[in-house]
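A quick write-up on the structure given underneath.
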């Protein structure tokens, strides 16, 4: 268990490299989550409360896109950002920004589909009242998001989980470049391919701990807010 | 005061659910201001009729006009209190503010006054869903009155209120009616009918069985069903 | 753009700081299989290409994507297998015979199956041995479609034989009961080349930096740095820029 | 766009290899989904309706496990099933069974966490009534699952999406061995590593289509059932 | 017939929500079978008291015993009809079957009879949530009666029923009480109180203000609050 000791040493000594990688992981995932939430939560809500022809198809596609393979997302973003691609002039390939873009594409359908379901349930309850009060459009969307905020955190955490655990897409568009785009998952993949399985597992444990902390923070805030409200 | 939505004309309204006609050709004209009370057995179609009038249900057949407006066009001059009011997961005051954002911005004092009128001022900052059954209904009524509707629809709005609250609500409704709001109210409470109604619409089996001035309805109803209903005779 | 074997061996971690100090160029490594590296470079997503499949690299230059290909260094391939060596590969007189023994005894062979330089090398060896392994695909010939490290993980766990480059094997940590069962045959040499991407096809290329890095790699300083790199006490790469190449 | 034509040709000619891979993908994911659902739905429900010390911690961990990196899951299952591992004698490594195991580990926390949220909302409504009727334990769990079935399909589809799109874990425990454990996602990763990006994308499109079909089927059944019930 | 849960003893029950004592030291002993009606203003704490009795709320202070049982031990001999009944997302019949699985298996005929007794037999296979408000309450009552409880708690169970249904339910409740079930019923309907109550418990501000035999309560209540309540005077 040499590698385990090694991993422990890295953590205990606050190894700069490890922390750089951890920090990049969390930064990329949180930014992607924030961007995605701004898109997907209103989208999911809008789909839950509006009726238009083709709505079912959109929901179906959104659900199916939850099963979009990360590698495919990675490839699409890669082709887009590649220097010979349409957005190549921006020089974003192999940067954290590219990884954020890929993750946004990946988790937006997930949060949208899940939040659609949550809001649909609330909508069954609120629909008549909102109709009666003439609450529509943006006001309705905001009201649903506010009132469903506790249930929505789980959707958001699911998106965060997918983002932070994701490797297939970020390795393609980020390139796993040391000190630039290496994140925890790509580092784990690298150690695995080097056969350093125990170190890889230890890094995985570190990542899970991180994920646990973020979840604890979010759920803690939710509980605190819920308690304050219904004390 | 908003435009009058009178006369309200309902022509041959039919609504099919499954294989039952739950509204089975409703014809009704309401010409006058004042308070119209709808009575009738459970399942007679009272709630469904009110929901059609409010635009919550699209009937399968028939038309409704309010003044020279359609249901859709008149919606923002209507307000409704539901049989089981739904309150937002917010405080009592926020529930009011959400319903009338303009007033909440321009004159927040008015919200507190409205709360006070239903004796809930001291509950302003409690979560609305923790109110007792009767308190929730009073809040829902305050919410509906704040929008100063031309047409106010009440679905058993006093069903779980204590006697004092019933009288309070009735006085608020009467006052609103005096100010020119047309009120249509569903109730099973004959006492309330006698106290409030200018006219009574009696429904039975998805149809309007009788429409009479209140004095006449309670003393000598024209239809046997209404007579049996008032006597509390079983007629399922 | 670079092949994976060089990254897994830790060469870059050792080499890059020296290169950056010498040339002032900041180098980022994107390690993927040789096939993907070349195609990525064709899309201009890289300034320098460092891979090991000479014919492909020459085609890359011929099509105008690369300026000029330099031999950089070589190491050699080895055949990995379980210590028990069921096909008795260790005593084979040459590589061809070794492969034939594997096929005849029905032992398993894990192939990368990913069009990488190593894979191409392996296929060429099978051809020489007169065997079409595809016929046994999924039974004894296991195409993992993965990088060298992943293929080693798979092969070692299955007790299969594997063709690997020496560098990756030496630095590979999950050896379990596997070992080098066959090595040293000249047919197993593995030539790495370095090619700066051409400005003509890819105007976005950072030509100065690319040239500086390439030139440093093939310079005496770069070459001796490569020679000095050791892992577990063993030299992994043998610099041979501007020298007579080993055949192949 | 040679590769695109190639992908089209493969599909149109019902290429045997492609269909073998597709079939394995869908078989592995659906079996994993079925196994996981049997575990995670009752688990999520139980967590929503029971109160015991440490329950919050379990929920927190479940939420965090949604962010478990597939590579780590793959490694753990690998170590478990490897010849020198505790279950090595079963000889499951590099078989479809191993891939199913890895996927079950991966998606069970997701479905459990999401269904927990859905059932929690329903529980707010049913709690008092169930308490009053003395409905507890297994009966309560079944009743919740039945009554929330429409909302739960979205959770299940999220699990399916994760399973069918997953590559990091199945490639480690399955090995992406041609004709044995190669599934769509690992095939896509392979084509990507060969630089055949267009073919990879085309395969991704095929996989997405498949995922769309499964989703359409599930949602279709749900709509049909809902309509029959509330006609 | 199950064991008697009498006498019901409630000692110094306190319940704090936020910074209000919503039950503020309730003391109550119910010795006799028959029908006890709880009355009192909205927010007086009637529902909360019933919920404590049923074990839905754990009070912050005080004890409850039923006969020689605790609340928890007596639960399966209790049944409750809520102010807003919650029905499962199933058919009317399935709602009954779910509540009493043993009966549903042994004697499904009994379920149909129960439906018939609340005049819902022809709705057996409809989704329960599509019933009208009054129909839902009748179904909830049928569900509660099926379990043959020793103690039946009703929270405004007839609030939105038509006069005929009110009389129907009252007769069912009376009959059940005759069969030895103790009934405790919350109501704002004084007519109902007069018709049903053997004794009246009057609550005010989270406390029991008065406990009197029905005759006495409605003719000459002992407390001023009860008097004001009966007169419909505002006393928030």
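Every chain is named by a letter (A, B, C, D and E) in the order it is written, and numbering of its residues begins at 1.
Following the convention adopted for this analysis, a residue touches a chain if its C-beta (ideal position, glycine included) is under 8 Å from a C-beta of that chain, and two chains touch if they have at least 3 such contacts.
Keep in mind that this is a model prediction, so the values were computed, not measured.
Graph distance from chain A to chain E, where chains that touch are one step apart, equals 2.
Distance between Cα centroids is largest for the pairing of chain E with C.
Here the largest set of C-beta contact pairs joins the chains A-D. Taking each chain's centre as the mean of its C-alpha atoms, the one that lies farthest from the centre of chain B is C. Centre to centre, using the average C-alpha position, chain A and chain C are separated by 36 Å. Look at where the CA atoms of chain B average out and do the same for chain E: the two points lie 28 Å apart.
We define each chain's centre as the mean of its Cα atoms; on that basis chain B and chain D are separated by 49 Å. Averaging C-alpha coordinates per chain places the centre of chain B 81 Å away from that of chain C. With touch defined as above, residues shared between interfaces to two or more other chains in chain E number as follows: 18, 130. Contact of a single residue of chain C with at least two other chains is seen at positions 40, 147, 150, 153.
Each of the following residues of chain A touches two or more other chains: 78, 192, 197. Chain pairs that touch, as defined above: A-B, A-C, A-D, B-E, C-D, D-E. Interface residues of chain D facing chain A in the complex, by the touch rule stated above, are 56, 59-61, 63-72, 75-76, 78-79, 110, 113-114, 116-118, 120-121, 151, 154-155, 157-158, 160-165, 167-168, 172, 184-185, 188-189, 192, 197, 200-201, 204-205, 207-208, 211-212, 214-216, 219, 223. Taken in their complex, chain A has these residues touching chain C: 3, 78, 82-85, 88, 91, 93-94, 175-178, 180, 190, 192-197, 199.
Within the complex formed with chain A, the residues of chain C that make contact are 4, 7-8, 12-13, 28-31, 40, 43-45, 147-150, 152-153, 171-175, 202, 204.
Within the complex formed with chain B, the chain A residues making contact are 125-126, 128-129, 131-135, 139, 143, 146-147, 229-230. Looking at the complex, you find that chain B touches chain E at residues 17-18, 40-44, 47, 83-84, 119, 126, 130-135, 138, 156, 159-168, 188, 190, 228-236.
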